[in-house]
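After this come two complexes, each holding subunit A, first together with subunit B and then together with subunit C.
Right after this comes the complex of A and B.
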C-alpha cells in the first residue's frame, strides 16, 4: 500500500514537474520584454483608435469590447462546448493523419521501390489546395463528422508525410553503415537510426500540419456544421457580429499557438539533440 | 532607444492596418455608384436596368460588384466599399440591428410572387399520393403555404396527416433537401426556382395562395431583397429608385434574358415563373420598419 502510494506520488510529482517546466518555458520564450515592446503599443492603439472615433468602433471593435464579448460567449453561448467539439474533430483528424503519414513517410524514405511507386502520386495530390477537396468530400462522405475529420486529415497528412520522408531520406549514411557493421536488421535500422534521425523533421511536419489542420477544421465547420468554433465564426459573420468574429479568431489563434508550444515541448523531450541546430 | 523605435514602428504599423481595415472611401465621390449583389436570378430589375442602359438614362453610372454571399455584400456596405447592397430581409434586419448607427437605410424592395410550391428531391420519382410517410419541410405549423397545400392535397385524395412535416426556415430548406435530410420542401416560388436549378422537381404549385399569416405578414411576405443604401446622395438614391422601377415595367422576356446574361441561369428553368420586380416601400412596411427606411434626409 505504502509502495503504491509512493509510486502514485512520484507519478503526480513528475506530471506536475513537467507541467511546470512546460508553462515556465512558454512564459520564458514568449512573454519577453521584446514581445511587449511590440504588443503593448498595438493593443493601446487598437483600443484608442475606435474609442476616439478615428475608425468606426462597430467595424473595428476595441480589445475591451472583444474581451467582454469573449466573456459573454464563454458564459452564455457555450464557447467551451464549441471549442471542445472542434478540438475533438481536430484531434481525430490529426491522429489519423499522424498514424498514416509517419509510417508511409518512413517506408518511402527507407525503401527505393516503395518510394518510386508512391512518391509521384503524393507529389501530384499534395499541391491541390485542401479547401478544393470540400465538394468531393461532401459527395463521398456526406456532411458530418467523417467529412470534417477527413478534411482536417488532408490538412495535416502531407506536411507530416513529406517531412517524415525527408527526415528518413536525409539520414547520415555513416550512421546506417555503422549500424549495419554491428549487424543491425532493417527493422532495427528503422527503429534505432531512421526514426530518431527523422524525429525533429516529424515534429516540424506536425507543427505545419497543426496550422493547416486548423484551417481545414474551420473550412469543414463552415459547411453544414451546427457546432464548433468555425460554425460560431460563420454564425457571427451572418449576424454581423464583428466583435464575436474577432473573439472567435483570437480563440483559434490561441489554440493554434498553444498546440505549437506543446509540439515544441515534445520536440525538446523527444529529440533534444536536434533542438536549436 | 532600440525598444522605443520598435514600439513606434509597431504603433505605426497597427495604425496603418486598422485604418486600412476601416478605410472608408467616399461613396459615389467619383460619380460611380457601386452596387453589391450576389448574382441571384431574383434581382431581375437590377440586371435589366444595366442591360438596357436604364441607369444611364436616369443619369447614373453604376458598377456591379458580385459577392459570394449577401453577408459579404453587407460588410462591404458597412465598410463603404459599395454604396448600395441587396440583402434578404432577415439579413438586412440583422445588419440594421447590430449597426443601427452606421447610417444604413432601406431604400426599396425587390419582390417575387409568393406561390406555394412543393419541390421533391431529384432522386425521387414520385407522385403526390406517394408523399404519405415521407418527410416534408414546411415553414411553420401555421404557415399559409402549408394550409393551402393541405387543402389542395385533400382535393387530390391525399391524406396530408400521414405526411411527416418538419418545420424550418425557408432559407434552410434547400440545403436540407440537398443533404437528403428531407424528401421534399414546401416553399415559396422564389426558392423553388433555385431548387429546380439544382435538379429537384416541382410536384405541386399554387399561385393563388394569398401571402401573409401570423408569422409572416403580407407586407413582408413577398419581399425577397431589400435595397440598402449607405451615405449615398439623395439624387443618386432617387435615380436608382426610378431606374429600377422603370426596369420592372419591361417585358418579362427582357428580364429573363438579362438574368441569363448576368447569372447564367438557364432560360428554360425561368419559364413558368414570374420575374422579380422592384417596388418602393409601402406605407405599411414603412410603419413597420420605422427609422430604418430611407427618407431622403
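Right after this comes the complex of A and C.
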C-alpha cells in the first residue's frame, strides 16, 4: 500500500515535471519580445480600423467582438462539445493512419521485394488530392464517424508513409553493415538501426500529416456532419456571422499550432542524440 | 583461419560521359591467415584494401573467388552468366545474401570488424553501443554491463560512457568502435585503419594495448593501415597491395621478436624496402633492386 502510493506520487511528479518543461518551452520559444512587437500592432490595427470606420465593422469584426462571440459560443453554444467531437474524429483518423503507415513504410524501406510490390500502388494513389475522395466516401460510408475518420486518415497516411519509407531507405549502409558483422538479424536491424535512423523523418511526416489531417477534418465536417468546428463554420456562414467564423478559425489555428508544438517536444525527447551538438 | 582464394571485385560505374564502365577494385587476391596470426595490409589509397576486408567479413559478395573462414564459405561469388544471374536472383529474391537470419541474431562467422569511418551508432551512447553488440552475441544479461565498462576502460573511454558519438571526438569515436569489437571477444578481428584518427602518442599506446590483447587472447587479426611503421611494428607479415586494381604486390614476413623497437635498424630496412615498392609502382622508377 505504502509502496504503491510512492509510485503514484513519483509518476505524478514526473508527469508534472514534463508538463511544466513543455509549457515553459512553448512560452520561451514563442512568446518572445520580437513576437509581441509584431503581434501587438496587428491587434491594435485590427481593433482600430473597423471602429474608426475605415473598413465596415459588419465585414471585419474587431478582436473585442470576436472575444465576446467566443465567450458566447463557449457558454451558450457548446463550443467545447464541438471541439471535443472534432478532436475525437481527428485523433481516431490520426491514430489509424500512424499505426498503419509506419509499419508499411518500414517494411517498404527495409525490403526490396516488398517495396517492388507495394510502392507503385501507393505512388499512384497518393497524388489523388484527398478532398477528391469526399464524394465516394460519403456514398460508401454514409455520413458519420467512419466517413470523417477515414477522410482524416487519408490526409495523414501518405505523408507519414512516405517519410517513414524514405527515412528507413536512406539509412547509411555502414550502420547496417556494422550491425550485420556482429550478427544482427533483420528484425534487430529494423528495431535498433532502421527505426532510430528514421525517427526524425517519421516525426516530420506526422507533422505534415497533422496539418493535412486538419484540412480533411474540416472538409469532412463541412460536407458531412452535424457537429464539430467545421460544421459550426458552415452554419455561421448560413447566418452570416462573420465573428463566429473568425472565432472558429482562430480555435482551429490554435489546435494545429498546439499539436505541432507537442510533436516538436516529442521529437526532442525521442531524438536526444541529435540535440547533442 | 581465413583463406581468401583469388578474390576479384569489379564495380560497375557510370562515367561522367554517362557510359557504363567498371573498375576492378581487387584483382585475384589470395591470402591465407593462420590461427593467431597478425597480418597487416598496406597499400596506396584507393587500392581496394577496404573492399577486400569487407569481402572477408561477408559484407560484400566477391565478383569471383571465395573466402573460407575455418573451412566455411562466407559468401558465394556473384553470378556472371545470364542463367546464373536468374538463379541467383530467384534464390535471394526476398533476403539479400549478405543478411543474417530474419529473426535470430547469428553472425556468419566469429569475427568483429572495425570500419574505416567507425560506423558507431549515433543514436546510442558509447556504453549502449558496446551493450548492443554484446546483446547481439548473446552475452548473458548480467555480464553485459561489466564487460562493456571493462572494454571502454581498456580503450581509455571511462568517463565518456554516457556520451553520444556526436559529443565525442573522432579519435574517441574510433575507440568506441574498438571497444565494441573487442568486447564480443571474437576469434578474428578485421581492422580498417583503426587508429588513423588519433594522435601519434595515443596511437602508440593503442598499438601496445592491441598487441597485449592479441598476445593474451590469441586472436587472429587482419589490420589495414596507411602507416608502414605501424604495420612493421605490429604484424607477423605485411601484405603490400599494388595500386588499383589491388593485387598482392608482395608479402613481407617480419621475423623480429617482440617487443620490437620502432626505430630499430631491421624495421628501418624493411620500411625502405616497402617504400621502394611503392615508389616503383607509382613512378616506374627502380631506385634499388626491388623484391
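The rule is simple: the second predicted complex is superposed on the first by the 273 of 277 C-alpha atoms of A that agree within 3 Å, B and C clash if a C-alpha of one lies under 4 Å from a C-alpha of the other, contacts with A are read in each partner's own complex, and residues count from 1 in each chain.
The working rule: a residue touches a chain if its C-beta (ideal position, glycine included) is under 8 Å from a C-beta of that chain, and two chains touch if they have at least 3 such contacts.
All of these numbers come straight from a predicted model, not from anything done at the bench.
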item	value
Side-by-side fit of subunit B and subunit C on subunit A, or clash	fit
Which superposed partner A:42 touches (first subunit B, second subunit C, both, neither)	first
First (subunit B), second (subunit C), both or neither touched by A:169	neither
Subunit B versus subunit C as contact partner of A:60, first or second or both or neither	first
Which superposed partner A:181 touches (first subunit B, second subunit C, both, neither)	second
Which of subunit B and subunit C A:241 touches, first, second, both or neither	first
Which superposed partner A:115 touches (first subunit B, second subunit C, both, neither)	neither
After superposition on chain A, the shortest CA separation from subunit B to subunit C (Å)	36
Complex contacts: residues of subunit B adjacent to subunit A	3, 6-8, 10-11, 13-15, 18-19, 21-22, 24, 71, 74-75, 78-79, 91, 94-95, 98-99, 101-102, 175, 179-180
Subunit A residues touching subunit B - in the complex, by the definition given at the top	33-34, 37-42, 44-46, 49, 54-56, 58-60, 142-143, 224, 237-241
Interface residues, subunit C side, partner subunit A - complex	54, 57-59, 93-96, 98-108, 111-113, 115, 117, 119-125, 132-133, 136-137, 163-167, 180, 184
Footprint of subunit C on subunit A - complex, ascending	111-113, 172, 174-175, 177-188, 192-193, 196-197, 199, 271-274, 276-277
